[in-house]
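One chain, subunit A, appears in both complexes that follow, with subunit B as partner in the first and subunit C in the second.
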Partner chain A sequence: MTKKQINNILIWISAILLIVLIMTPGLWVVITAFRPQVDIMAKPAVWIPRNLSFNQFETMLFGGSEGSMGRSKVPVLSYLRNSLIISLVSTFIAVLIGTLGGYAFARHNFKGKNTYFFLVMLTRAIPGISLSLPIFILFSKIGIIDTHLGIIIVFVALNVPFTIWLTDGFFRQIPRAMSEVAMTDGCTRLQAFWHIELPLSKSGIASAGIFAFLISWNEFAIVSNLARSTDSKTLTVGLMDFTSQFTINWPGMCALAVFIIIPALILTFMVQKHLVSGLTFGGVKG
Partner chain B sequence: MKKFLNGPWVLLLPTVIVLACVVFLPLLISLWTSFTPFKLTRPDTLYKFVGFRNYERLFGNYDFWVAFGRTVLFLTIALNLELVFGLGIALLINKITYAQKTLRTLMMFPMMFSPILVGFQWKYIFNDNIGLLNNFLREFGISPKPWLVDTFLANMSIMAAEIWSSTSVFAILLLAGLMGIPKDPIEAAKVDGCNSWQVFKNITLPFLMPFIFIAMTIRSLDVARAYDIVQMMTGGGPAKRTELLWTLISRTGYVDAKMGLANAMSYISIFLSIAFTFFFFYKLMEARKILSYD
Partner chain C sequence: MAKVTLEKVSKFYGNVEAVKKIDLEITDNEFLVLVGPSGCGKSSTLRMIAGLEEIDEGKIIIGEKTVNELEPRERNVSMVFQNYALYPHMTVEENLGFSLKIAGMQKNDIDKRVAEAAGILDIDEFLQRKPAQLSGGQRQRVAMGRAIVRRPDVFLFDEPLSNLDAKLRNQMRTEIKRLHQKVKTTIVYVTHDQVEAMTLADRIVIMKDGIIEQIGTPLELFETPATKFVATFIGSPSMNMISSTIKKDQEKYIMITEDGLNIPVPKSKQDVVKEGQKISFGFRAEDIVPLKFGNKPSQSWGHKSKVNLSEPLGTETLIFTNFGKIEIVSRMFTPELVRAGDELDFALNLERTYLFDDETGKAL
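The block that comes next holds the complex of A and B.
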């Protein structure tokens, strides 16, 4: 064997090891969701599932008869509904606002532009848990704690900065000349934006939207403190319902985890390409 | 009016309004609260001004400084390891020509996981009794370890979860950088007799610098997501052994209901996050300037 072949084999071995390392934790959770309780607790460990069970999903969705492990059932469907409403609405508003902002940063030159851009990004750097304290106080005062509305407002603010970052990158990839021609022909800035740049950056904006959806879908720190009941608790917060002080319902939690990860998985695969180009383009070619 | 409509501020107005209401106003409330002895159980205390008493109390608070030190140390180690691993993975995938796209997609797997799920899956793997790791050790006759109980092991376990979840951010962005490197200077250097280390050090790395700082900036924006992971895995325990600044804030504010003190802590944590972000953003700007000169 030549040196090059050995090299190639080594590279492939490390790549495969890496993939195993990356995939195992997640796959193990997925597998556990379909395993019967006895298998999970078995000692010595049972590595290959002997039989699959859909019990956890049945209990979760239809409230199964025995209420698995004697615990009260978790209202997963309510949580799912809350997650969907909150994530979809906040994403829509955030993309609307963020796209306008991104356009302003990409196409206008104004004094202190970089500073303002940085300031907007900086709002994202504030730890969720720190921000949740005053928002908790404020929302209790005006009475929108534990409501969809309150959480949606917060998520919009969380998502606007990244939407601006991404759309700014996408707009810059479109040649300036196109909208300039439109403007010399009598379009206003907004008309040029609406007729020229917006259609051209449609897919970029869509991926910014999916990205915003994922941030909302996955958020925990803020929503776990603002949501108190089934009225507004989301799936990520619901995950905590399976743990009590001394016991944890592992298979139930795994089943809910599968529930949370599947939409995220599909959506991320859809946007991965745009995500990388959007983040790097805006950053490198300033 | 026409000037305003054609200018940037009409476009930025909604952003400004949203951020003012949801970020800046709460930060002002937070600042005020940090000067009061506000407790959730006694609403009237919100209007009692006590000056810097909360901050003074923090300076003498041993638990706070331990959590603060642990947070800084944790972030420093985690971010550096993520960068090194991410760079390694990017270089590795860049070398592979067959199925490179598939590999890249697989690498993004951890990015899809909500931090709370990352915490959960690692809590499950590190579980004393039924965890994957201890089951594995038992198969080989090694005695199982108390991964989430022992101080050192618990912190390492959390670090492992954090690194698992965020290394791919570095890997993906650095790979994008590597793919954009022009081939000519590398060929020329090789013809002139540079070895691979010299090529890497003098051509690849300087070109990658802006990408490294973008990745660092993006990461420093969401370092506080480690809260979700820790909250899930250990809740800061056992006996405060894995307490980070953020879990301490959450416990002080919501469990002990000492909002005033928690807000004082959270101001310090905000400055910490902003300092991290500012540092890397500044570096990014510097690197960008250097690149645009050639």
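The block that comes next holds the complex of A and C.
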């Protein structure tokens, strides 16, 4: 064997190890969702599932009647509705504001531009959770605790800086002459943006949108504080419903976790192409 | 079709005055070329006409209208950019028709105009392609087509040929000239290439450091340059330029070069120079020729010198030789072989020398 071949094999082995390391917890969640509590609690662990069932999903979605321990009905459909409304609306608003912001940073010169940009990016350095108490107090004062509106506001604030950063890089890639031609071609500034620059940066905007959606969809810490009831609880917070004082309903929780993962996975695969070009092409600034 | 007038137009970038109060009148259907080294303000001037840069001082009038406050789209001008700036997500056909679509024109009318422009520029076959599938020359044509379909009052070209290779550049240059003959419109064309300027222009405007050095037809600029800068900028190879001082010698003025060569001031210039004046005198390559291969001019000055290098180009031969310590170039149109190291007698045609005052840079 040549040195190169050995190298290749080593690279493959480490890649596989790494993938196993990353995938195992996810795989375990999936397996757990499909098997009975007995198997889950077994010691030593049962690695290869013996019998699989869809009971958990039935119970979750249709309120099945199986009455074993801790299997109280969790209002998954309400949570799904909340998750969808909050994620979609906040993503839409964040992308709208962020794209316009990114365009402004990329195309206009104004006083203190770099400072503004730095400040906007600095907000990303603050851990969201550290703000959750002040946000809670503020929101309770103005009465938007446990509402979609409150959570959407937080997510928009969370996602706008990243969207600005990503789309700014994208708009910079488009030659200025492009919009100038459009303007001598009879466009207003806004028409030039809409007909020319926006279509050219759709990969960047798509990836910004996916990131914003995934961040909103997966967020747990802040929502767990702000959402108090089925009115606004999202799927991730809903996972906590499977814990009771002494027991945890592992199969139920894992079933819901699988349920949460699926849309994110589908979305990611659907736009994978955009995502890669979005991050490598637009994100890198010249 | 319209004339364009610039009145005391200035442009500032911060504290830098890029264009300094220039006055310019471009007549209807004229092909005007703005030429100058980079940073001379030619592109800023063009962009002010287009409306892409604000006019900080002065007035620009297109046709009868002052356009200072008008948006680019309201000025009815078309611009062709150096990097083409074709819309990459549209086909050639959509690129050409875009401006008409924005203007709200009917689909049939758009198609008709696009077909017409495509015919003029010979790009019919590519209408369904995207810009990425076109070669440089084809892209250039599409960019011009996009400008034509609007039937603008004024065409603006911003160094449209600098991205092409030499051969294609010559070809497109001819096509632009032909285009101007077919589509009679006022054209303002910016370039840093004096050959492009000479071949294309009805009139050339030479700019330097934000001011206009000279305006004139190509031949006027070539024959009677107003300043030292214009003299060296126009013509290829560049005009030979020698610094010297005026001295009086037996009732006649002579020029003494920095290397101590004494050359008589041409008869026609005897009255305009004065003792001690610092000047540069210039002469074109074809006005200093080896005596062996040319005729001796009536008023000439002989100079014996060694050949440093010769470049036979077929129709002409360039000979590099020394004039004192300064290297100059001589051009002869006879196909004689000259070798480096040959010693030749050169004759400088004094009637064809240009004198420039070193203080003002102006021609004497």
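Some notes on this structure:
Here is the rule we go by: the second predicted complex is superposed on the first by the 258 of 286 C-alpha atoms of A that agree within 3 Å, B and C clash if a C-alpha of one lies under 4 Å from a C-alpha of the other, contacts with A are read in each partner's own complex, and residues count from 1 in each chain.
Just so it is clear, a contact is a pair of C-beta atoms (placed from the backbone, for glycine too) under 8 Å apart; a residue touches a chain by one contact, two chains touch by 3 or more.
Model, not experiment: these values are computed from the prediction.
Contacts of A:Ile196 after superposition on the shared chain: subunit C is touched, whereas subunit B is not.
Of the two partners subunit B and subunit C, it is B that touches the larger number of subunit A residues. By the touch criterion stated above, A:Ala125 is placed in contact with subunit B alone, subunit C being left untouched. When the two complexes are overlaid on their common chain A, residue A:Ala177 makes contact with subunit C while staying clear of subunit B. Contacts of A:Thr188 after superposition: both subunit B and subunit C are touched. Counting contacts by the rule stated earlier, residues 188 of subunit A appear in both its interface with subunit B and its interface with subunit C.
Note for the complex: subunit A touches subunit C at residues 175, 177-178, 180-188, 191, 195-196, 199-200. Subunit C meets subunit A in the complex at residues 50-52, 71-73, 75, 77-79, 81-83, 85, 87-89, 98-99, 102-103, 146, 150, 156. Of all the residues in subunit A, the ones that touch subunit B in their complex are 11-12, 14-15, 18-19, 21-26, 28-29, 32, 40-41, 43-45, 96-98, 100-101, 103-105, 107-108, 110, 114, 116, 118, 120-131, 133-138, 153-154, 156-157, 160, 164, 188-190, 214, 217-221, 225, 236, 239, 250, 253-254, 257, 260-261, 264-265, 268-269, 272, 276-277, 279-280, 283-284, 286.
Taken together, the subunit B residues at the contact with subunit A in this complex read 5-12, 14-15, 18-19, 21-23, 25-30, 33, 38, 46, 89, 92-93, 95-96, 103-117, 120-122, 124-125, 130, 132, 135, 138-139, 164, 168, 172-173, 176-177, 210-211, 214, 217-218, 220-222, 224-225, 227-228, 231-232, 246, 249-250, 253-254, 259, 262-263, 266-267, 269-270, 273-274, 276-278, 281, 284-285, 288, 291.
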